[in-house]
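Each of the next two complexes has subunit A plus one other chain: subunit B in the first, subunit C in the second.
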Partner chain A sequence: MGKRLAVCAVAQIKNHPDYHDWRFQNMLLECFEPIVEETKVTFDMDKGIRTIITCSDDMFDARTISDNGITDVVGAHFRGEEKMAQESINGLGYAMACILSGHDDVILFMGHCKESQGESRRMISNLAYDPFYCRPLGMDYHNVDALQARAYMEKSKVTDEHLAKVVVRSRANGKKNPYGRENKIVSEKDVLNSPMYSDPLREMHIYPVTDWAYGMLLCSEKRAKEFTKKPVWITGYGSCMDRYFLGDRDIASNFSLKNAAKRAYAMAGIKDPRKDVQVFELSDQAAHQLPMWAEGVGIAEEGRGGQWIDDGGMERFNVNLSGGQLNGNPLLLGGAARALECYYQLSGQAGKRQVKGAKRAVAQAATGGAGQHQAVIVMEA
Partner chain B sequence: MTTKKTAGVEDSYQIEGKMALPYSYFAGRVGSKFITTLRDQKKIMGVKCPACNTVYVPPRQVCDVDFTDIRDAWVELESTGTVKNFTVVRYDDKHLPRKAPFVLALIQLEGAGTPFAHILEECKIEDVRIGMKVEAVFAKETTQTILDIDHFKPAAEKASIHEVNARRKQWVPTDEPAEASTRKGGKPDMSKPVIITAALTGAATMRNQNPSVPYKPEEFAEEAYKCWKAGAAMVHVHAREDGGMATHDHARIKATYDAIKDKCPELIVCLSSAVGMGKTAEQRISQIVYIKPDMASLNTNTMNFGIVDRKTGKIFIDYVFENTFGMLQDFGKVMEENGVKPEIECYDMGGLDNTLMIGKQGIFSDPMNFNFVWGVAGGQQFRTEAFIAMMNALPPKANFTTCGVGMDQYPCIMQSCILGGHMRVGLEDNIRMPNGALAKGSYEQVEVAVNIANCLGRPVATTDEARLIMGLRKR
Partner chain C sequence: MAEYWGVKVEDIFNTMKDRFRPEGAKDVDAVFGYDIAGEGKWKLTVKNNAMTLEKADQLSGCIATMSADGETFVGVNTGKVDATNAFMSGKFKVEGDMGAFGKTGKLFRKFVLAKKEMTTKEYLADMFATIVPRFKAREAEGLEASFGFDLGGPDGGKWTVFIKDKVCTVTETIEGKPTVTLEFNDARDYVDFILGKIDAQSILAAGKASAKGDINMMASKWPILFEKYKDPMAGAVQEQELLVLKKTISLNEKFSTGPIMGKFLKGLKEKKIFANRCPECGRLQLPPREVCAECRVRAGEFVEVGPKGEVRYMDVVYYAMPDPLTGVARETPYGSIFIRLDGCKGNETLPHFIRKDQIEKIQRGWNEKKGTRVRPVWEEKRIGDIWDIKYFEIDE
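Then we have the complex of A and B:
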């Protein structure tokens, strides 16, 4: 067993389509106060929080250095503050590096996003592309995910019916999650008859616009008992960046996820994820990504995602009992949402979703269209 | 900026804002060249990594696989390509270049190693398929971006000549009366396949005239293969040294012949028994005996074979091409004895008459195969009535093909095709296309010949049919 860091407490607000009467500062404060209250952590410069990591996006906040809008409410003034501008899951990787290197031993990790405030989240992701070759064509994460869906579904024999199953299940699971976005419960038939969005993806195959914020208190193994009786451990992290141009990549190959998972598993000492891990939380921004990422993290056989769904793989491996990103988390925050669910499961606080005896969980998330950058963390009870 | 009250929370306000910052992006030196070439020359350029051979489009400065600097390794790509993946965007938004629905596709250009994204239009959405061939439509006005290709549209689907041939009934010889009787009536059998030959090099066409002239065996093989793919049943070959000089060296000629046969086993290869200027009779015929090709050229009269400025009459090269009666007789006999069918080269009516006269010895097996050659400085220019006179002078079962030097090439092959004869093209005879542009290779002229056959409704002969028609030994 290598070194590990403790998750001492987490807090979040309910995922919501539009917190029109909350500023994102308010949303963060709703997460900040319970953590301080629960753990009694202070901002003492010797013993308390001296480093804060935040996650937010300049484009979604429509201001550059988006963290500048929230440093006061997360207690970041007069101490170390760093912003993760990539998927939030990498904030955990960053916190891990910070604590395991001995740079600091207590970290508050917070993030926010109001997807509802921008006129179009598609326009925002269009700006993730270069202005010469891709942006003028209108490429955005949705139509690029759709290109991936076509390639992957062909490769792994995943059908429209399979995707309908994924959507129905996601919403049913989301219902059991007190923090889940409230979506209409639908039948497979409803999904199959719903409007096409960017072929082969339907509108219901894409996660809905969501506002959300979260907080986590992380610390070194040595100091965990000061803040909690029952820490959950982060024992592995890995990430990998694939190539930028869509045509350069095999977008159905899971290249970057396989590499990220391999690194995280090696760090956590996982030999066979199918046996060694009881809970999987995958960031399915589009429905086809659930079986695809399942292949990537090694619980579905390569090229057999469709069969894996038919064989009950989603239940057997306890995948996305939270509802997954497909039920609604903002872009960039899906990874933190996955990690929070893993925390609840491993600390026995998952309520109706609880997996009995869950000892180990894996959270995964991707940044960029069609999962260009991937990261995986391993958490343990 | 405007403010509006938030419904239900009347003391809360939302401020309406907009992120809008005019910005000038520098495309980089590599990107600039790509964009300006696209804009000014309507050419799509990629860069080819010499280490991993990947052709990247859009181009970039360094190959991210092996870190090779590829900023100057430009290659021009075709503006046609294949759809590798696509989505139908069915939502409208301000960042989109088209109103919904429109097709965003990953398109791999011919010559490129990876696909890139672009818009596909001018076809029904339900007809879009992975694998469909598309071609670029360039923008009328520049945007200095990838949208200087306005969009892609379906490319005119053209079945290859081999697909066409596979679908039709194969030609079989009939017991019809000899060719000559129908020929004289000017009513040739247009259902008889036309044999297209590509003369890849000759002895004198050099790379400074057309860079596609093959010198090395592997270059011959590649060019021959392209010609076969385009519809040629036969190639005519003068082997060259690496430096381009015509050679009588047996090993080199054999290497060239074998390379072609390895690459394209069914293709008929006709070697030259002229070889090049200043070769002895022994040098000219011994290589034929050594290699025993399917066919070999047989020249029919001693003649001037020079290079003369057609406009001024000025003589550049004054050379006599020696083909005595004795050589005609001996070469003809040796070829027939070795199972090599002669292609009888007639530069004028005299050559044809020489052959008929010496042939009375019974040297030549039926069917005899004649090639009417036009436009050699020393032979006759192409004239339609001269063509018909020569055709009418042929022995009954003979076949005829034709070739013309320079711009005689296209008129003479078209006439031959109309009259039931065959066609020879290639860089040996002419380095250009009908519009005067340099041919990309002999294969491009083969495409013209196929076009002529198509216009006249004549099938293009497969190699098996060509063997049957010309009486060659079986493969």
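Then we have the complex of A and C:
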């Protein structure tokens, strides 16, 4: 037991538009082996991995209980295997509860999503809505994000030009990330002239279809030295679920994110995120969400997201140096991708993206249309 | 033509025109076939938000054809038979474009069983059958009387209602000499009179009816002794429609096979069955998977096994799953078997089907006991999927 959770090792494959020659089992296996290799962790029932948490989505896998198709490649046979069918960041919260409560002390946390498998990602997110009302209206995560974009952009004076800036920067940063999806480098003009998707969101404002998998070895403070010389710590976690019906919510308000951040900051002892945190990774599934979530986690002033971009806020607070979700991570895995980037930054392995002297990082992720459910974790070197 | 639950197959087809919903036909331009065993074939053409229906000798050119026996067809249309069960058990089949056929569900309003009018005979039976329940015993204190009914005409009959010691009984004859007897030349007038369609004065005046005996007993006492007859056809509550949203959720998927499953499927194309071996424990996996789950290592070595083997597990399936890839229901029963192919040990078995006519002859093997020897029957044109093996059959 202790007050923090150790991240001992991480592994991932490159974010890719379509791993057509791999099953998702192959994707996971590529992440499983390096972790075992690097940490020499065993599957001994007294000292090794006895609990595995996986993150997957039945709709994307097109099989119910989609975790049962992967238990062999994540080493989960004959031990505890528990599935997180929500944002992967909640899997970290779950692992934290498991370890800090003393239930177990070593956890392998694996996740996968093959967005390319289904013909239409939008049809899958349409199925997140109720069959009687919202589904027939054609709601999916993208056009609902567009409703939010319009409301938020008006409130925070964010323009089409601002969004172009966000996209250009995301792709440039993604290029520096060896695991980043390969996207075309574009200019602001390219973005401004690109096709509209769901006004005011353009196609380039929305994260592209991506296949990806990851693994993380997590353990208690006491056992960290067995697996790594330099653990990164998870010291805070908070989550908050907003109302499902959009009509019940103020979708430009950041209600659930503010609540999630408040709880995570309180747990990690963060008083002012602008001073206490050096790296921010935000799950911008659409470009407007970068300034919006920045307001939510407290690094941009409420209602001034546009000005914050103009003032160089994205650089000043080291936001999404990985390229962010906008550069391409599959749905549900944005949070794990954010946490992995924070791990690299805090352990000094971020290469060209390295923030010197980074001591604390915040990873944020959202599930559901227009960021209904939000979660935030705080990580420390 | 046979009737099922009072409905003929023809009734369903004949009412299609009235039940047609143009709003449900917006995106439909197709010909559908219906083949009802022993009843005939019908062709339904839907185009430009309109429909035509014709009886046909053959159903060529239909995008989809459904076939069923008359009972199943009527049952499904009237809700007497569960459509999913009928489909699952193969009683209700669709050949051709399953997705297109699904659209016929939106083309028509539900078939509603037309309520028949009650006949005079049925009314009389109901009126006298309800006399005892309508009797108000408390009004009969100290009363002893009998009421005779002599109703003429083809539907008529005779009844006597006795009241004694606050008990009411009815007989279907006229017994003894009732206190009062009501006579109608035609029973239909009596029914109309009770239903309030004609009044007593006019019938009596027209000489169509008369009363013998203590007329006052009938005129003033009867209405007090009995609750008024309620017409079961009057004010019948309209059946409420239960709102259910019927949707087929369909997501097109592209399942990559990967290097391991891919190799196995490619083998089937070449009439070869490959297992993969764990480099640590030596266990074979069928179909092959990326790793040995027990040793957590990649199992990359492929071993050709079989193709013959012995049956280790078997089951006869009566409630069939439709083939998820085609939506076509399998015919039941079918035999599901797990085969230990030659070269495999212990639990290293491969599942498939057994030839239909051999289900009864299969013997399951276990430990010392040998199971029936079987061999695969290969499809002529193989594409690298599980149905490259049609089924297994006894190796004689």
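As a convention for this text, the second predicted complex is superposed on the first by the 379 of 381 C-alpha atoms of A that agree within 3 Å, B and C clash if a C-alpha of one lies under 4 Å from a C-alpha of the other, contacts with A are read in each partner's own complex, and residues count from 1 in each chain.
Methods note: contacts are C-beta pairs under 8 Å (C-beta built on N, C-alpha and C of every residue); 3 or more make two chains touch, one makes a residue touch a chain.
This is a predicted model, so every value here is computed, not measured.
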item	value
Partner chain in contact with A:His20 - subunit B first, subunit C second, else both or neither	both
First (subunit B), second (subunit C), both or neither touched by A:Leu29	second
Touching partner for A:Ser116 - first (subunit B), second (subunit C), both, neither	second
Which of subunit B and subunit C A:Met196 touches, first, second, both or neither	first
Touched partner set for A:Arg243, first subunit B, second subunit C, both or neither	first
Subunit B versus subunit C as contact partner of A:Asp72, first or second or both or neither	second
First (subunit B), second (subunit C), both or neither touched by A:Phe43	second
Subunit B or subunit C, by number of subunit A residues touched	B
Residues of subunit A at both interfaces, subunit B in one complex, subunit C in the other	20-21, 59, 62, 119-120, 123, 131-132
Subunit A to subunit B touching residues, read off their complex	20-21, 59, 62, 119-120, 122-123, 126, 131-140, 142-143, 146-147, 149-151, 195-201, 243, 245-248, 251
Residues of subunit A touching subunit C in the complex	19-23, 25-26, 29, 36, 43, 59, 62, 71-73, 75, 77-78, 114, 116-120, 123-124, 127, 131-132
Parts of subunit B lying in touch with subunit A, wherever the complex brings them together	6-9, 12, 14, 17, 19, 25, 27, 31, 35, 56-58, 64, 84-91, 93-98, 104, 106, 108, 114-119, 143, 145-147
Partner subunit A, residues of subunit C touching it in the complex	245, 247, 249, 251-261, 289-294, 296, 298
